[in-house]
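Have a look at these structures, which come just after this line.
Below are two complexes that have chain A in common, paired first with chain B and then with chain C.
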Partner chain A sequence: MLLARKMHLHYGPIALASILILGGGLWQYSLGTKGSPATGSSLAGLVVGSIAAGIILFELLLWPRKRLRKYKLGRTKFWVAYHLWLGLACGPLAFIHSGFRFGGTFTTVLMALLVLVLTSGVFGWVMQVFIPRWMLGNLPQETIPSQIDDVSLLSALENRQMLTVALGPKPPNTGKLVALEDQLSALKSGLSVPSMGNADAMPGLDKSNAIVVGARQRRDPQRASFGQDLADDLNGADRIEIWKQYTLVIEPFLLKNIVPNSTRSTSRSPIGNLQRTQEWFKNLQASCSDSAFPILMALQSTVEERLQFDAQRMAHAWLHRWIAFHAGISVMLGVLLIVHIIQSLRYM
Partner chain B sequence: MASNQDLLDGNEYISAREEALFARDVDGQLIRRADASLTDLELDVRITIDGQAMVVKKAVPMRSSQGVVLVNDRGEVIPRPTTIYDAVTRMYVRSVQDINPVPVLCHREHLQPVGVCRVCMVEIQEQRKSGRVKKDLVSACTYHVKEGMVITTLASTENPKTVEVLKDSVGVIVELLASEHLSQQDRESLVDSPNRYEPNELKKLVHRFVPDPVQLRYPPSELAGKRGVDPSSEIISVDHDACILCQRCTRACNEIKHNDVMARDGKGYPTKIAFDTNLPMLESSCVSCGECVISCPTDALQFRPLVIEKQIAKLSDDLHLDTSQSGDPSTEVLSPEQMLDIPIFTGIPYKFLQFNGGACVRRILQPGDVLCKEGEYGSTAFLIQRGKFEIQISRSGVKKSNKSSERKGFFNRIFTSGSKGIATLATGSDTSNPKGESRLFRGPEDVILGEMACLNRSPRSATVVAVEESEVIEIGSNVLYMLQRNSASLKLLNEAYRRHALNSNLSRTPLCRSLKPMELDRLAQGVELISVEPGQPIFKEGELGDEVYMIRLGYVKFSRLQGMRDQVLTYMGPPNIEGEVGVFGEVAVLSKLYESELADELQALNFAPGIRTSSCTALDHVELVRIPGSIIRELTEANSEFRKTLLDRAETLLRRDATRDVSENTLKANFVTQGLYNAQSLLVLDLESCTRCDECSKACADAHDGQTRLVREGLRFENFLVATSCRSCTDPYCLVGCPVNAIFREGDKEIVIEDHCIGCGQCATNCPYGNITMYGHQDGYRQEGNQKIPVVRQRATTCDQCKSIGGTPRCVYACPHEAAYRMSGEQLTTMVSERNN
Partner chain C sequence: MAITGKQRSRRIDRNYTSSEDRSILWKRWFGWAGLILGALYGLWMLTPSAAKQLSTGTLSKAHHAWNETGCEQCHAPWSPINTRSFARSTEVIADNNRRCNACHRMADHYPAATKSNLLALESCVQCHHEHLGINHNLLDIADESCVRCHADLAQFVKDANRPLSKVTSFDSTNGIPGHPDFQGLAKDPGTIQFSHTQHMRPGQALKPGDRSAKTWDSLPPAFQDQYPKPKNGFDPIQLTCSDCHERDHPIAGYGTLESPNAIPVTNSLDRQTNAHVLYKPVEFSKHCEACHQLDLPHKLDFKDHQHLLDVVATSQQQRLARSERLQSTSKPNESSVEEENQLRIAGTASGKDLIELIKENNPLAKTVIFKTYACSKCHQPAIDLAAANNLESIVAPSALPTQWLTKASFSHGPHINVQCDVCHKIQLDSNAFSLGNLSSDVLIDGIQGCQVCHIVDEAKRKGAQLAGVKNIARADCIDCHRYHDHGPKGTATGLRFTGATGPAVEGSQ
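Let's look at the complex of A and B:
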């Protein structure tokens, strides 16, 4: 399973090296403990323990390596490959070092932490093998996770424009659209949407008050040209109904997490999942004339896109949230390991 | 700004043309532009100019600002009526040094005429239907030539009285303009002879036509001197009092750059040029490209002196040239004044040269010095001033140099001093040496070298070596574009370009290798160069075809109808790195030519001779060499070896077409529609392996001062994401039209944007894949009252494959899951095909 990824060509030698280290540890251990109970303080135990400790410390180096991306410290894929296979070898080595015993409370905690680190690491590995494949097949409209809100905002603005062009201005008594001026000006005042999030480029600079010289690469959400040919013969009732449903149901769903007051939770929304969405739009189509079909299809596709974004957020969390846990307990393990080494050296 | 033709009333568009006599074809003014028909292009009109008879065509092809003939959707040339100014130019302007006797203010050859200033007045005599001869003063830039028309210009020696009348008439207009738009100080400065390099064209005309510039006959209006200035822009200063409303700036902004920012605002005396909805320039959507300033004939629009100083400093820095300290006599950065002293630069606006301070470099080469190397990319051309150069073209194909000059800067990159890299340098006038390399020489009569690589964005097609002490002026592509705007220099450049392009292309075509030099010359004389716009068909399946094509620039696709669907068969591009030229369309010509020899084969394969077997469509801007079938037939009769070569080719092509897979292939279709054929180095992410960790983007940002040059978003090609990052296109569209030549290709593939980028966004607009991003960097503060407002200067940024920081793309280097790759479009297709199988 773990070799399911196409990286086995790179992993092969590293896996072999890990197995050799492990085998060597076992051999050393079997030689050194002949006829006597196995302990970590025996020469064999010490050698095996030192290798395991070295591996753990090496594993921890992946963290600073990621922070120092700008330097060429070896290709990251090799770091990760070593991290995975040596990490896997480290568990059995630690067990060998301990003579297959937990020992006192401290070493038990240490061993438990190691098991947790290994388990979370393997869990993450499995997640990172399977979830990308699932996303590839199920989320064709995925975007950059940090841009989900921006894309949804633009989607809502484009919908408003499309409805205005196709159906005419929003009739009264069809609910109230949320004011989006702040969000829109935030998008516009930035030099470009991606650079808005890139505060490091100009720390401390209030870009909205700056004098900008040259071309702004603007994504102008108010400049949409579509919608004109979507609805030719819509009657007044259709116009009112579509505007109403858009204002009360669709847009609040698109703008959840963006405009606090308009948030409508997924569970309460009639378009909270794909099945409900399809059902809801089917009913809406039934209540409107056939001419409304193209415009309802366009709206449905934006809702389905938003549902995919929600699923993507979830998948992204499964893909990466475990790292915080894994890294946290790894650091704890590293600290306790150093204490364990110092303690052991003192009593040798 | 909204076009006046798009007057929206309810849901219906009313065409301005429907207003008949009151048509406003030019920016809402009561000016009508007459149409011409295709037949007018062939119709002769006999006229007399200043006593000399001449024949001109009733219409001429409409050209873009770069002199390219424009065609409509049906591929037909768009005609426009020949104006008197065109005819006078043809008569008087034979070389770049000749001056058109008709003065102009509002007109430039690369702009659509509007006839608002009327200083181009000439006298015409034309016969009316009634038989009476009409005598009139008309504007030469807008008035069309008519049969039998007699034209008198200011250069006439036969008709001094009329010349006096013309001088008086033009003088009145110029004096009125001077009174309203020139300050007393400006006019006093004209008492003495004006500065030779004076950029203010109105001042020059005042000096020429107004006897006493200080004491004018006409008082200014009450508004004179009160129209105000617009000091808001950091780059351009606007003085509305100096503006004569000639509309050169608005036409430059809207018709040349398509920025649609500028227009006239108001009516009558208070009329002025405005940005967007009459906003201060800074607050408008102006991109500060400088096109309006370059076009302005007065002091109304000027670059701020500080901007010019900064621009020159940055350019010098990019060039690694400190002219004051280099002490290298072989290299000299030319000042605008020095450049204007060279005849070919006569038509280039002073303000352009000022803004591009250091855009031209004079090089002195010693015998054996290499000017440029075959296979290297170059964004400069060389105007030959003196000396002699040998052109070394390898017939066996270009060996692409992977190690380009390590020195930076677009001039230094191209220029290689010293005799390094010269294998042999034989002397004499032989056209070939024992190594099979053709030998050609170029001198000042050839005007220019290296323009093909500069205009086509392709690798240098030859190595150029000085054979005696020689002098060249090295110019950037932006200067070359500017030269194309002037008809005299355009003619000169076109002749050289055609000669060099055909010479190079024909000699590299395998089919033509059996042709003798004289036959090659015959072929070169008979072919024509044509331009085709994106999406335009070149030929259609089932049509009779009697032309063979060679691609010089751009890509074409071939497709065949399968039921109702147009199946993409293949595509073809410009000469590849080995210099191999793509030839197509031969099947129809050759099957007809060898109808009797190939009769059995044609019958067996069910081919109708002379019929196109597929459709060919331009994928982008394509430049082709069209070889008429008649010339091929003529050459096959004269050269039996050529005949045999073509027969072999015909058999191969027939078999290929018969066995061609025309089944539906979405991979191939996506490959073409996504433009992957043009990509040399895509950043592709394997979405099966990519964990969306964004390490690629983060590594890119970390390596480039916090600004990522890639966006992990883009089109999908099967299981791969083609990320938004420079593709290092074979034909990089982004290089076209940079006003300061800040963007070019360096080394093998990478696109580099130098620090003297002015942030106009032209390259970002040109890139069809959105791979160029505009980033702002803080450039000081502006004090406004008690407030210090930061100034953010935009700059275009694109991926340079990390060549500036060691060469290994950080995005690929940082990927923990082996999901990121750099590869060409074809490599990606191969990878996908292998996986699918």
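Let's look at the complex of A and C:
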């Protein structure tokens, strides 16, 4: 099954949903006349409607169940399986309940809400199946979504440190680095903030709270060689060009959406997507000497990581934002369902 | 250039779970928004001003005043009104029916013949369906409403041994018999001897070539204007149906043209109408007297003995003079004239006795008058001739029904574009001497004649139309029958309310 990996977990709810739809439909039609099903106020309509209402209540229980997860109220995968299939059955059951009539404005609103809930739920179901698979194959640098900005900021700091060590202090006339005092002060304590070779370039950085990572320099065979030897091999033009491109193109891209006024839209940046990034770095390598290759490779790796973060942010939105809509209209549906029960019993 | 998981983890704030993800915030906001919106809409729904939201459709014109907020005019709270609703009991149905009866004081359907426990389960909404739009006709009742019981009426009537027809459709379908023959046409309750065939022949002749045929010139001048003059005044008069049968009202839609001051009257469906439904009873003075003139005044009073003697004596003298005149002008070979003369002579002869009988105040005088003054030509004698006080009352009431179909309400209005002889068959064979179509012949083929045009099945209707049948029409029960009706000549179905809160009286059937 495309939408479920452990299909056997779904057999139970599928069978239950099928029985409810088939049984309810036949019963309701049997009470009707001339092929037209009975209305919601018939015995069959009331029973089917009550079942549908019970299912909606059960579906809404997923929320408190999440809050009360410490009580271990059943396994999550069972809850999800029943949530999916009974939720899907709820649509046909509601139509059977109403005798395939929309009724008045209020019941039409209810039905429209139910259709929206079902549609958003199915949409989310598809998203939850396909997007994680895609992310697993295409976003190896995936991180925690809420930490994307912090990780990108740290990457920028690491790059500054790396360039300072490898190329020496930033020459004049190579642009101006963005001040990051506010962003650094906003970082939580205990976070691995890299130390800066040039402390003056990092005003506001409290070294006492920072953990020196430097892992790239130490572990990466290529980056491990960064140091005075590499600096000696690079000519002045390379240093100026790399610092300049870093300051004007790479760092604004890394810090986009993080630092005000340094945002460079993805579409206008020469490194806005993977294809353009590879082309741009290829051209940059061509304009520099071979000695600059390790540094440029490290910078390209950082940019590609940022691109993956962007893709991950987008995927994360598709993966989770629908839940807000789904949950909102589900709650509204639940509230209006109570009113529907009261008013229907009153005027049926 | 890959970095290790440990390195990656060190770039993450260890307390990241305490910071709320935007998706979680969105979910919370939307959840609250849904709750608030749902609660606001739901609370409003519980108020009377939102009643329209619960309505499943616009009310018809009759109830449209309550379309917005008048739910409880018809809906009794917590009493399901829908006929297929669960938990409907006789109390609930009665509760709902009371709402309708507050304005519509309608009779039950044959309460004397129907089982009362089953009648108590019948509700107004069983047949009258609301919320189907402003133009929906609440009186447009589907056949299913009637067939529900009439398909097997035995289980609904008190007298199970009563012969009952099982009616599921107007026409027979798939071997299932349709509507039974019209009971109202089975027997002519009238007492008039009359031949439509003779009266529809030119000059109302007994046979072709009969010289006694009526001509326009032979009519008394006072009646000549009633009949169109033929090309030659001595040509026989050709009557048409409308010469004797007058519409009770103008044809629907032409009322103001035909009769601008028409007063609405109640028709057989108990409804006020100006439209043509039936034909007025035939009146002797208007429709017969032009040809059939009486020697005695129609209103002659028998109590005034001297006046009666004078009138009879005068008429005898007139008859005698006329008989002598006819004898001098008639040809011996004309049998009809001879018969007429003999009749008149006999009348003259008995007339002498008649005067004596009148002088003696003998009851036989009325019998002699009935037999010798042409009453017996069309009428039957009254059962109690001795009690007759005037000439009119020596004959039995004509008893001709205005509405022949006693169990239904037939209207001629919608059939006005159909020629009379399409339904009323008359044998006009000019060579036949037989009068034919005697008074006992109702001149209606029966239900078969109706089923030519009135077809239930839509496919059959189209087929008939393709086959060239004109005036194809539906055949719904409601076209002729009414569930509630109290018309004296129509389908009286039980109790009739006499006033707003007054007691009910038994209706006639």
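Assume the second predicted complex is superposed on the first by the 264 of 348 C-alpha atoms of A that agree within 3 Å, B and C clash if a C-alpha of one lies under 4 Å from a C-alpha of the other, contacts with A are read in each partner's own complex, and residues count from 1 in each chain.
Heads up, the rule we're going with is that contacts are C-beta pairs under 8 Å (C-beta built on N, C-alpha and C of every residue); 3 or more make two chains touch, one makes a residue touch a chain.
Here the structure is a predicted model, which means the values were calculated and not measured.
Asks: Can A:Leu43 be said to touch chain B (first), chain C (second), both, or neither?
Replies: In the superposition, A:Leu43 touches chain C alone.
Asks: Touch test for A:Arg133: chain B only (first), chain C only (second), both, or neither?
Replies: first
Asks: Which one hits more chain A residues, chain B or chain C?
Replies: C
Asks: What is the contact status of A:Gln161 with respect to chain B (first) and chain C (second): first, second, both, or neither?
Replies: A:Gln161 contacts neither chain B nor chain C.
Asks: After superposition on the shared chain, which partner residues are touched by A:Gln278: those of chain B (first), chain C (second), both, or neither?
Replies: Touch status of A:Gln278: no partner.
Asks: After lining up the shared chain so the two structures overlap, which partner does A:Ile144 touch, if you call chain B first and chain C second: first, second, both or neither?
Replies: Both: A:Ile144 reaches chain B and chain C.
Asks: Let me test your reading of the model: by the given contact rule, A:Val80 touches which partner, first (chain B), second (chain C), both or neither?
Replies: Once the two structures are laid over each other on A, A:Val80 reaches chain B alone.
Asks: Considering only the touch criterion stated at the top, classify A:Arg69 as touching first (chain B), second (chain C), both, or neither.
Replies: After superposition on chain A, A:Arg69 lies in contact with chain B alone.
Asks: Output check: A:Ser291 vs chain B and chain C. Expected answer is one of first, second, both, neither. What do you get?
Replies: A:Ser291 contacts neither chain B nor chain C.
Asks: Applying the document's definition of touch, where does A:Ile329 land relative to chain B and chain C: first, second, both, or neither?
Replies: So A:Ile329 only meets chain C here.
Asks: Which chain A residues come up in both lists, the one for chain B and the one for chain C?
Replies: On chain A, the overlap between the chain B and chain C contacts is residues 140, 143-145, 147, 191-192, 211, 213, 215-216, 316, 320.
Asks: State the interface residues of chain C toward chain A in the complex, per the touch definition above.
Replies: 1-4, 7-8, 10-16, 19, 21-23, 26-27, 29-31, 33-35, 37-39, 41-42, 45-46, 50, 52-57, 71, 75, 77-78, 80-82, 84-86, 144
Asks: Could you please specify the touching residues of chain B with respect to chain A in the complex?
Replies: On the chain B side, the touching residues are 233-235, 282, 285, 287-288, 687-695, 698-699, 701-703, 705-708, 711-713, 716, 719, 758-761, 764, 773-779, 782, 789-795, 806, 808, 810, 813-818.
Asks: Please name which positions on chain A make contact with chain B in the complex.
Replies: It comes out as residues 5-7, 10, 66, 69-70, 72, 75-77, 79-80, 128, 131-133, 135-136, 140, 142-145, 147, 191-192, 194-195, 198, 200-202, 205-207, 209-217, 316, 319-320.
Asks: In the complex of these two chains, what residues of chain A are touching chain C?
Replies: Counting only chain A, the residues touching chain C are 31-34, 38-39, 41-43, 45-46, 63, 101, 103-107, 109, 140, 143-147, 150-151, 154, 187-188, 190-192, 211, 213, 215-216, 219-220, 222, 297-298, 301, 316-317, 320-321, 323-325, 327-336, 338-339, 342-343, 345-348.
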